């Protein structure tokens, strides 16, 4: 089989898609998580239950949703309710995974999407938490999707918008956040990271094809532990690419 | 016009029906309040908005409901939701009147529907608050419907289930109950009572036809103030009786 | 936020939010699996002696009577029970299977007070009655449904209700306003009757929803009985009608006339005669026992019960129903 | 119940439950009265300078765009605004009419961050940003909708969100669990777009309900715009579809394509090209002004706006709609 070319975005989508656990409930946000969820549903997670924050649950993702509340988020869905019901479902422990983004992430997986600089006199005003804080607080596990560079992977975020492990082991529980919840993975443009269960610090788990460990460490603004069983993420398969290009995003909105 | 005979129940229903304010929202409980509401809607309060605690609002009362949650409580209604929405609507100040009952009432309009005797070793276990406490706490004004005798009109109820004016002026507000809310009337088998605005004590406002003031005072287990403008309740009109007997309760379930 | 008063009523069913979350993570599958079973199977599997159980809406309106009878039939005992009831909790009280009550209202509505309740409480057979209003018990479920430990309310205040409940009165830290805090209520088992469900447990209800949404979300185990089992496509064509999504549901029981002798909005009216029979017979312990023998112990399941009632009488109830529009 | 932490964010809209009750008693008629009026009449009557205002759902989904444009057109200013937004709050920010924000998310979703927000906040034109999550702001409205002063949540905890909000962290007096308390939010004015309403204001929504139920119940004035005005008989034939009952509503505006260029489930899809036009033009203050001149100031009402867009393009959006079933 001839080697195929693919974009960084396509690779990120594939790496993220493979993290979906079948028969799990997942909060899906706009953009890459939507593409990843659709790809997962068509490959390894046919019983995935997508959840969208404004009320859609169990939709059949035939067409790519473009916004978190639009009609495709409850297309042939099992339930179409409202944001309170959805967030409370998460608060009761019914949502297994949530996807998150942000402008900055720190070693404990805390995310910033509020401001760069001082809150009251910001260098840059960012969009705000949106559902991010809720998802990071209330889902069992979260997966962050990030551009990988030193301005984004920082030792301390300017504003903790969405809780990761906060200051480390036990900190979430001490703050009142749900027991045994917290970040699971980071999918970046360079690699896949998880968290060291002992220290709750981010750990390099698998580099993308053609990316060296040094490149990743170099692009990270804090000391990144490297997992003993470090591996390389398999490139997108021909079938994954076909699904992405022909069925999931034929209009090339994202890829 | 020849004088008509009527039952005590028919008279109570008519006296209660005349208290309905047009274009007001009213919590309606099972029994006499339902008959009174239907009579009011057909006479002096055509724009009455009946509210039933388990979710029916704005029903057209064509047939007498027999229970607070049954289909007639939302027959051609404007809204059919649930008990939380209804009680919260009251909590927000949207329900003007509520009808109440109980085994005992005291001079401040506090009602008991939990126990006779000690709570943990009762002489008689009564049904419990039901929606009574909520209605008495959250509606603007309440109207109690009572059998009139000394065992029921008592100086101190065995158990305060539903708040009237509690211990007197200012007591509701001090307890945290909504400002300017409280009991308005008592319709009994003998008379119509209201409350003295200065003392919040029950006051004899109008006796039923053929009932003397002494009879009422004799049947009341506490000192009942007599209003300066004491009057006599008009007997049921021929039209009221016709409506009750032919249109409202033709099966004679209650009358 | 000062605590001004604490009810001394027993918190019959203590709660732990993280434990509830763990339960929902490990015991409630997100997979669409066929949960169809009979009343007997569902009760055998999920209702156990001593469990904390509740029913919705109440005993003459959209009430899970076929399930309530099966609980009696299988001899479950020492139940801890919440809520209001007309026929269903009255049956349980008469059968002597209730140990503790978070009570709001148990009575026969227009037909008066409940003799079964009086006998059970006054004899001490029911050990504890903790007092709540209809609103309060619903809000307690709503708190659990929201995944929070309590909900404030302005009801209950100033009365003896607070003292004989497990509520607390506090000062609102934002305004200083006094409010009552109602502790979240997580049921071990809930029984809810609906108009239609698919085999996975996605449920729709016509008309008022009572407290079905809240109770379904506040329970560790949920047995749903439905007038009608529909294909999932019907659910998917109107997802905005789903009151109870499948992942909350543990068992789906097909129970036509499941609320009889109570009513089901738009499907059948209630049987006054059938209700009056209980009202009369339950006045004495002996009469109640006779009723139970006749309608519960003497019939082995809901199908036999319906056959015993007879199609003609059921048809009459259908004729009595409220019609849409 | 100890207060462990208090946010120092401004409580932009302080609340008083008894005052809200009095308002609902005296300003909200229980009578069925005809409330039909135009966008211009509704905004002139109920939206005032400095008022605390919010919109639902958000700016590309079931959003009251015709009302949002009219607020700009009438030159309302110094608005205090809550919530998330894509097009509608972005327009307001670009028009310079927002003074304070209870912000959750303002951005362009897939099209990136909001330049209008950046300019308005970084220049100091928006004086205050108080931070909330989408869940938190909805729960704040839910608290008001319930008529209680606060609602607990397990979100917000442990982050900088608490400090920059007006929430408080307390110990739950029942279990000792730490929770955040969110203060009730009562809006002066809410704008909600629905699928259909009768002239009295009884409203139905198809598909997800976002936070329409909560916001409608948490507002002193409520302007509803509807794709379709239906006879009350239609409401009365399905009372279980009423999301917003009439007594909450102050004005009913008939606004077909009221959410355009956003979408309306089952009615029309969204106009990517129309949205991209704003995305591009709003990158600079001048471009944003040009957009406002073209689509808001230059057109005198929603009818002119629709004529300007053209029936052909609107028909395309109808063709794009999600279909039921």
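Letters are used for the chains, namely A, B, C and D, taken in the order the chains are written, and counting of residues starts over at 1 for each.
The rule we apply is simple: a contact is a pair of C-beta atoms (placed from the backbone, for glycine too) under 8 Å apart; a residue touches a chain by one contact, two chains touch by 3 or more.
A quick note: this is a predicted structure, and the numbers were derived from the prediction, not measured.
Asks: Given the two chain pairs A-D and A-C, which is bridged by the higher number of C-beta pairs in contact?
Replies: A-D
Asks: When the C-alpha atoms of subunit A and subunit B are each averaged to a single point, how far apart are the two points in Å?
Replies: Those two chain centres are 58 Å apart.
Asks: Centroid from C-alpha atoms only, then distance subunit B to subunit C, rounded to Å. What do you get?
Replies: 28
Asks: Per the centroid of Cα atoms for each chain, what is the distance between subunit A and subunit C, given in Å?
Replies: Going by mean C-alpha positions, subunit A sits 40 Å from subunit C.
Asks: Which residues of subunit C are in contact with two or more other chains?
Replies: 17, 146-148, 153-154, 177, 179, 207-209, 236-237, 239-240, 325
Asks: Where in subunit B do residues touch two or more of the other chains?
Replies: As it turns out, subunit B has residues touching two or more other chains at 56, 74, 76, 80-81, 84, 91, 138, 178.
Asks: Among all the chains shown, which pairs meet the touch rule set out at the top?
Replies: The set of touching chain pairs is A-C, A-D, B-C, B-D, C-D.
Asks: Name, in rising order, each residue of subunit C that touches subunit B in their complex.
Replies: Residues of subunit C touching subunit B: 57-58, 60-62, 84, 86, 103-107, 109-110, 113-114, 117-118, 121-122, 129, 131-136, 138-139, 142, 153-161, 164, 169, 177-180, 207-214, 263, 265-266, 269-270, 272, 321-322, 325.
Asks: Would you pull the subunit C residues touching subunit D in the complex into a rising list?
Replies: The touching residues are 1-3, 11, 15-17, 146-154, 168, 170, 172-175, 177, 179, 181, 183, 205-209, 233, 236-240, 324-325.
Asks: Can you check the complex and tell me which residues of subunit B touch subunit D?
Replies: Residue list for subunit B touching subunit D: 23-25, 47, 49, 56-60, 74, 76-81, 84, 88-94, 96, 138, 140, 178-180.
Asks: Going by the contact rule at the top, pick out the subunit D residues touching subunit B in the complex.
Replies: Residues of subunit D touching subunit B: 17-18, 20-25, 28-32, 144-148, 202, 217, 232, 235-237, 239-240, 242, 245-247.
Asks: Would you tell me which residues of subunit A are touching subunit D in their complex?
Replies: 30-31, 52-56, 66-76, 80-84, 87, 91, 110, 114, 119, 122-134, 137-138, 159-163, 166, 171-172, 174-178, 253-254
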